[in-house]
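Report on the following structure.
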Amino acid sequence: MLTYATRRMILAIPTLLFISFVIFMLLQLAPGDPMAQVPLTVPPEVKQKMREALGLGAPPLVQYWKWLVQIFWIEPQVLIDYVFGTGLAEGKLRVISWQTRSPVMDIILQRIPQTLWVVGVAYVVAILIALPIGIYSAYKQYSVFDQAGTFVTMVGFSIPPFFTGPLLIVIFSVQLGWFPSIYDTTHVVNDWPSFKVQLQQMIMPVMVLAFQITAQLSRYMRASMLDNLGQDYVRTARAKGLSEAVVVGVHVVRNSMIPVITVIALGIPSIFGGAIITESVFKVNGIGQLLLTALFANDLPMVMTLTFIFAVLIVAFNLIADILYGLLDPRIRYD
Amino acid sequence: MTESPQDDLILADSSPRGVEAIGALKDTGPTAPPRSRGSDIWDQLRKHKGAMFGLGFLTFITLAVLVGPYIYTVDPQKLDIRNKDMRPIYTALWDSGAKVGWNKPLGSDQLGRDNLAQMLAGGRASMAVGWAAMLLSLFIGTAIGVVAGFFRRLDGPLMRVTDLFLALPILPLLLLAVTLFRQPLRAGFGPEGGMFILIVTIVAITSWMPTARIVRGDVLAIKEREFVLAARSIGSTPGKLIRRHILPNVLSPIMVSAALGLATAIITESALSFLGVGFPSDFPTWGKMLADAVVRMEQFPERVMLPGIAISLTVLSVNYLGDGLRDALDPRIRGR
Amino acid sequence: MLDNTSDHPIARIEKLRVEFQTKGGTVVGVEDVSFDIGSGETVCVVGESGSGKSVSSLSLMRLIEYGGGTIAGGRLLFDRKDGGVVDLATEDQRTMRDIRGNEIGMIFQEPMTALNPVFTVGRQLTEGLRVHRGMTKAEARAEALSLLKQVRIPEPERRLDQYPHELSGGMRQRVVIAMALACKPRLLIADEPTTALDVTIQAEILALIDRLKRETGTAVMFITHDMAVVAQMADRVVVMFRGNKVEEGTVEEIFENPQHPYTKALLAAVPKLGEMTGTDLPRPMKLVGQEDNATAPIPGTEEVLLTVEGLTTRFPVKGGFFRSTVANVHAVEDVSFTVKKGQTLSLVGESGCGKSTAGRSILRLVEPLAGRIDLDGTDVMALSPSGLRDARREMQMIFQDPFASLNPQLQLSDQVAEPLVNYGVGSKSERQDRVAMLFDRVELPRSFMQRYPHELSGGQRQRIAIARALALNPKLIVADEAVSALDVSVQAQVVNLMMELQAELGLGYVFISHDMAVVERVSHQVGVMYLGRIVELGPRRAVFEDPQHPYTKALMKAVPIADPRRRKSEKDLNFKPIPSPIHPVGHVPGKSVYAEVTPGHFVLTSESGY
Amino acid sequence: ERGADGEVKILYWQAPSILNPFLSGGTKDVESSSMIIEPLARFDESGALVPWLVDEIPTVENGGVTEDLKQITWKITPGLKWSDGSDFTSADVKFTYEYCTHPEGGCAQLTKFEPVASVETPDDLTVVVTFKEPTPYPYTAFVGGESPIIQKAQFENCLGAAASTCTEQNFNPVGTGPFVVDEFKPNDVITMSANPNYRDPAKPAFAKVTFKGGGDAAAAGSAVMETGEFDYAWNLQLAPDVIEKMEAGGKGVTVAGFGPLLERIMLNNTNPDPNLGPDERSVIRPHPFLSDPAVYKAMSMAIDRPLLVEVGYGKAGKPSCSWVPAPADFAYTPEGCDVQDIEGAKKLLDDAGIVDTDGDGIREKDGVPLSILYQTSTNAVRQDFQALIKEWWGEIGIETELRNVDGSVFFGGDAGSPDTFQKFYADVEMYANTFNGTDPQSYLGNGLCDKAPRPETQWQGENISRFCSEEFDAIHTELSQTADMAKRHELGTKLSEMAFEEGAMIPLVHRGRLSAHSNSLGGVVLNVWDSELWNVADWYRVK
């Protein structure tokens, strides 16, 4: 298992290099200009000077190489400095965002809490809702509960968030005034009342996101449960005189979780990818909003780094999903 | 040689019980008349209420957007500024002061464009994008999945390519494609046709990955099944193996992907419209109508509700249809 | 042994009727069955597949409800431990949970799937104990250990922490038995506990159940369709047919004096080891209802069709950091034999000994590492891919599982025509004619041509597979466990069909099987394989009547005989577990050296691993 | 009293990404930083200069500007302190000049300093700016929100290429303004508190500011006027009916102000035919039909400007036909600008012999159908305009194809993209443009022949319509040498008129800035000539 994991990890490096190169070239070739947001009152010559100051003039391959060095060599040093208080990276040029002229990594770190609060919580909430729904719908296949669950989850899957989002705002913020329509990223949770405020501002984006994720997960769970409920070992367990709760809740669920957990693992990168539309509807300035503004501002270092981190997560969670599969299912052994 | 082995029974014992008993030693053949798989699947599908609702609604909506514009011939792009901001006719039921009129059955938007005509035209675009992108993505996903699953050596590289596409950001990709291909496509297919091809392609190439993964998994399993070995032993070439033996057997996950793919494509197109990088501005799609109307959601709820419900219902019915199809295509379930 | 039977039945089934509500209407699983089981007695329930054996047993456990069935009539009287007879058919599920696993234990058909793959053996064994006996974890574990010892699993301590997939089929089945016995049930239901197992393991399991019954006085309901097993196990036999009981009696009565025509027919279809003793040539079976079929011996010719020399096939085991080959599975090791035109060579041996691999290597469906394969003058090993494709016209294969070897999505006529299409034989209409002819040949009605595999029974499917193999007029057919998955009666017909075809068309067969009785029936030559090598090779008569190699001898002993008067005793059994065929890279196994005992009868004298 | 009114919450739907306007130039960044760093003088809501960190505005009359118009002397108010407590001196002003003019710095406000030859600091409170040439309008450097003073001590090590590495400085500049940064989360939120060293001890009234960014204009308007979560929302580019509905929410009001921002349709004076090569497209003159006065005049006449205003901008827009719509002295106001005249337009075309010859409803000029590709950036109001104008042009027999391009591409200068507004690979395109301050001289220079974007200049250049007239160039030269205000007004108006009458552009709407503040926020004076937040020190909570 260990060698399997290390081998996959080492193989992932060329993969990631390739992916980063493709993304870089894509971004290079894509039209757009970081100066697009500078007002027209600034004349072109000045814009040209600003571009040069950002290092835009250099040939793409040189720029790519610089980025590689920065992300793989200098940023880790910064991390080491931060942890051990050393001075390895001092004076070295980090990956700098064109919009803010500050290190991209710092901004990303700043955004992660927001994203985790909202998207992460939504994911957890969705899992907590989806699994029981899936389990019960499968156990009572074709029952009223199953039918209703299917309907609701499908509606959840099919309604785009830019529809549900504003709808919730109109109902709960404008009409009822229960929840704020604008997420306050500076809010600090330190006691119960502030926690309540945090809950209030989270509840709508979390609802919108969780609705969609629940839909997909509960479908997977249901299908997986149905597969397993028909298996022989279920009959064996019943023949032992175990109660239904144990038969279904322990024997069947444990087996059904195997594929579902890998599905969950594969979905985790998307948490860090943020939820572009939901975040912008509720003004949760998380990673998704960061990516979107960076895209529209053509902040290539930012877009590149975010996309690359996303790619790393995808590759990593692919690996984690495989390993989890092996851990959960004793039949699978990687060696 | 007798026509049928069952006839042999008559030769056996004379007691009727005995005849039957010894007959049991024969293979018991099917008693029902032969039925094609197609009608079998259809029978199964018919029993799935959700699938039937889905099929019905899908047929309805497809017919409506295809035939509708010939019946309701109002030009969806025609501005009629005097009749702007009309409410749908049914609002008169509870609000007698509302600005309604039979000339605009579903009301009109802020420039006086007819909502019904826009719904029909927009549905046409959304459905076309959905179907085309879904088919394309299905094609790519299936091809990659089958090749990766079938040819061991290509498995690794193709799965890494899948990772790559999972990581590709759609917006720059679309912008790049617009830069590179809009002009040639516009020359060949007109401004709307060209954009259509671009959007369909981009949606497709950013959404085939789950299909490829699922298909690959299934192909890996089916490849180990004995009938594939049997087919090899009777001299089937790899191409034929894939076409005749493997593809038909991965049809059921593909159908499910198809259902989800149509939904994803419609939603992605509308999300692109929402972000402002979709079709030309005077070319209505449901997604664009919805996105444009969100700011006036309170005064004119119908303008978000109509396209919103249309999108949701379409996606919902496709999902249901996919569910039903999966059940119907799975022989294990069909038997029950 | 039969001292305290019948006078005091533990379970009594009266007029049981079970129905299933399906989409196609109500299906009757069991129509009308009554019998009882006394303590210390083994009642065997026999019958064709689908005759309602499992449904009856599941009804006794009231598990049938979870499969969508309902007990529509009849009573299931059960004598509970603490006195008092209850009707299980009307008890609520709570009481049933008390009875299940506690007073009635059940062993299921498929050892491979009956255990939960994600829990350890120990956990699954202790569960029942903790529920019914209220034991603590430690107590239950100690009890589980003693159970495993009771069922004679080697290294029981270690097994407790292993997962089911880490055990061999035989060991798994013993775990299932241990589980069923955990709470010392008064009634043990064993639903085809050995069908999926090798002869040797089967013999062990049967001996085990028998011993337990004797030692604890448990009543046993033993379900099987293997008459030889019945003969070995039963005190009384219940014969079921299409949901009804057609006959009941002691085992001797049933075997020696069957009354019902179905029982007669069934017994006639069972190949019995030793039936062919004294004859040289194989000959089709005589079947009830087909008295007219030709049962002339099949002589074959002396012309050599296939020569295999030094065939070696290994599968690499990848591992380590760079997925390099760290070891090899020596699946087939230096195997040589010849097949003559119109004759059958059988390969027998335990599961995993390399029979299938040998068969597939001949067609180069797996690439052999070394060796020479000569098919009627063609050097198969030297062929290019396209040459190989052409050569496969001459040799075809029939696979074990008729359900798996046909593509579920294609019409039967297309499947049979496929080899013709592949090799571009004939025009479309000529092909159609040939397919129709082939359907006639394997005795399937032409009306089946438009059907799909799932509409056919197992035997019919296997006929389709045979028709497909015949399509190109091959000279050699490799039949890999071609009849193992079929019901006895159907098996007999398919075996007969294959032999008829051999006599008519002069086919050469490589017949792979672990069923010694069938092998005895069909073979001219027999090769016994062990750990990748042929340990004994010779004319069937010589090998069966005068086995020389110790492994052959052990194998012959393990085969159950369909005769209640020739029961085997546990003492005769003496099996060693098969060593691993996996060797590190660079391991050079010795050559196979044979001694010719009698002309044509070779015995391996070099190291065999046994 | 300073800090008595608690917290004020400001919402910009475009989030500030940096607090150093020299490195960004984006409006959001300039305005957010204007609460912290300040220029020597500002424009007030009427466009008049007001002294800010100086005691009076230097002029020729008071001797602050030399007679030859080549030197201006600023006298800094004594006793000013930076927020860190150190003294504000002329050295800081001079440093600001050096910072921005450093050749590797990529300063966004370079134009402000370009005419400057040198900056001298005779003493701590005197700044002498010398120009390279006589400058009739010397109030560019150190004037207005775009040109604030930064602290030398803080930015000393951030010159040139090092500018980008000074994250701490760029995010947290030391200033003289009413607030100091507590925390800056780029593209998200700024929290500020009152500057303890602010020159007026009674100001600002607010102790804290939350400056949130992100979202869209609709959400921002709603947050101020409907839910009341925020006090101030910037630049609500929304349809009037939407604004009206939000105001009905009753929690806030909108304020509008008009600068020189003009929404216009630029007419391509070159031929954008895709069949021409990349180096000839939009380079070769003339356009096959747009250069015909009958065509562009008819196109202009067919437009119903008041309706456009009603649909798109409401009280934040006025019909206009002047390239420079404000200050009013420079505005050109022809007759009939605000009436639509479809029939007149048709007649004009008919008279010019541009008629539909093949019966497809589209007129042809010399066999070329009047078929127009009309592009603009992606924006709801612009798309509504496109639809309306397409309709009207259709009525006079001109066919229109619409295209909208994502703003980041359209306004970006990527020479590789065919969709930038500079390349102008279309017949007409619509966008808005404006100028800083109150003097349009250099803005009017956008019509000069040699400013046309060409392949040789990587398509850079401000003369988007490729308008070219010797007379125009001559008048512009005259303007640049004239100091007399009345004469300048006359010349400027003439240039606007020429651009309209000779087919450089079709002006549409004079756009204002519409912002909203809550009912409880007092002291808001909307200023379009400078930062909107110019007087944030005077804001207070209405009790």
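For clarity, chains are labelled A, B, C and D in written order, and residue numbers in each chain start from 1.
Note that in this section a residue touches a chain if its C-beta (ideal position, glycine included) is under 8 Å from a C-beta of that chain, and two chains touch if they have at least 3 such contacts.
Which chain is which protein? Per UniProt: A, B = ABC transporter permease; C = Glutathione import ATP-binding protein GsiA.
None of these values were measured; they are calculated from a predicted model.
**Student:** Going by the contact definition up top, give me the pair of chains with the most C-beta pairs touching.
**Tutor:** Max contact pairs: A-D.
**Student:** So, comparing C-alpha centroids, which chain is the farthest one from chain A?
**Tutor:** That would be chain C.
**Student:** Any idea how many Å lie between the Cα centroids of chain A and chain D?
**Tutor:** 38
**Student:** Could you give the separation in Å between the centres of chain B and chain D, each centre being the mean of its C-alpha atoms?
**Tutor:** It comes to 48 Å between the two C-alpha centres.
**Student:** Would you kindly tell me how far, in whole Å, the mean C-alpha position of chain C lies from that of chain A?
**Tutor:** Roughly 51 Å separates the two chain centres.
**Student:** For chain A and chain B, let me know how many angstrom lie between their CA-based centres, rounded off.
**Tutor:** Chain A and chain B have C-alpha centres separated by 26 Å.
**Student:** Which parts of chain A, given as residue numbers and ranges, touch two or more other chains?
**Tutor:** 29, 31-32, 174, 295, in rising order.
**Student:** Which residues of chain D are in contact with two or more other chains?
**Tutor:** 406, 409, 416-417, 419
**Student:** Indicate the residues of chain B shared as contacts by at least two other chains.
**Tutor:** Counting only residues that touch two or more other chains, chain B contributes 175, 178-179, 294, 298.
**Student:** What part of chain B is in contact with chain A in the complex they form?
**Tutor:** My answer: residues 50, 160, 163-164, 166-169, 171-173, 175-176, 178-180, 263, 267, 270-271, 274-275, 287, 290-291, 294, 297-298, 304, 308, 311-312, 314-316, 319-320, 323.
**Student:** Mind listing the chain A positions that touch chain C in their complex?
**Tutor:** It is residues 3, 6-7, 231-243, 246, 251, 254-255, 258, 328-331, 335 of chain A that touch chain C.
**Student:** Where on chain C is chain B touching in the complex?
**Tutor:** Interface residues on chain C, with respect to chain B: 22-23, 48, 241-242, 246, 260-262, 265-266, 269, 287-292, 360, 363, 365, 389, 392-393, 396-397, 399-401, 404-410, 418-419, 422-423, 440, 443-448, 450-452, 454-460, 463, 465, 468-469, 471-472, 489-490, 492-493.
**Student:** Per the contact definition, I'd like the list of chain D residues that touch chain B in the complex.
**Tutor:** 218, 238-239, 241-242, 245, 274, 307, 311, 378-380, 383-384, 386-388, 390-391, 401-404, 406, 409, 416-419
**Student:** Where on chain B does chain D make contact in their complex?
**Tutor:** Listed in rising order, the residues of chain B that touch chain D are 77-79, 81, 85, 110-111, 113, 175, 178-179, 182-183, 187, 191, 276-277, 280-282, 292, 294-296, 298-299.
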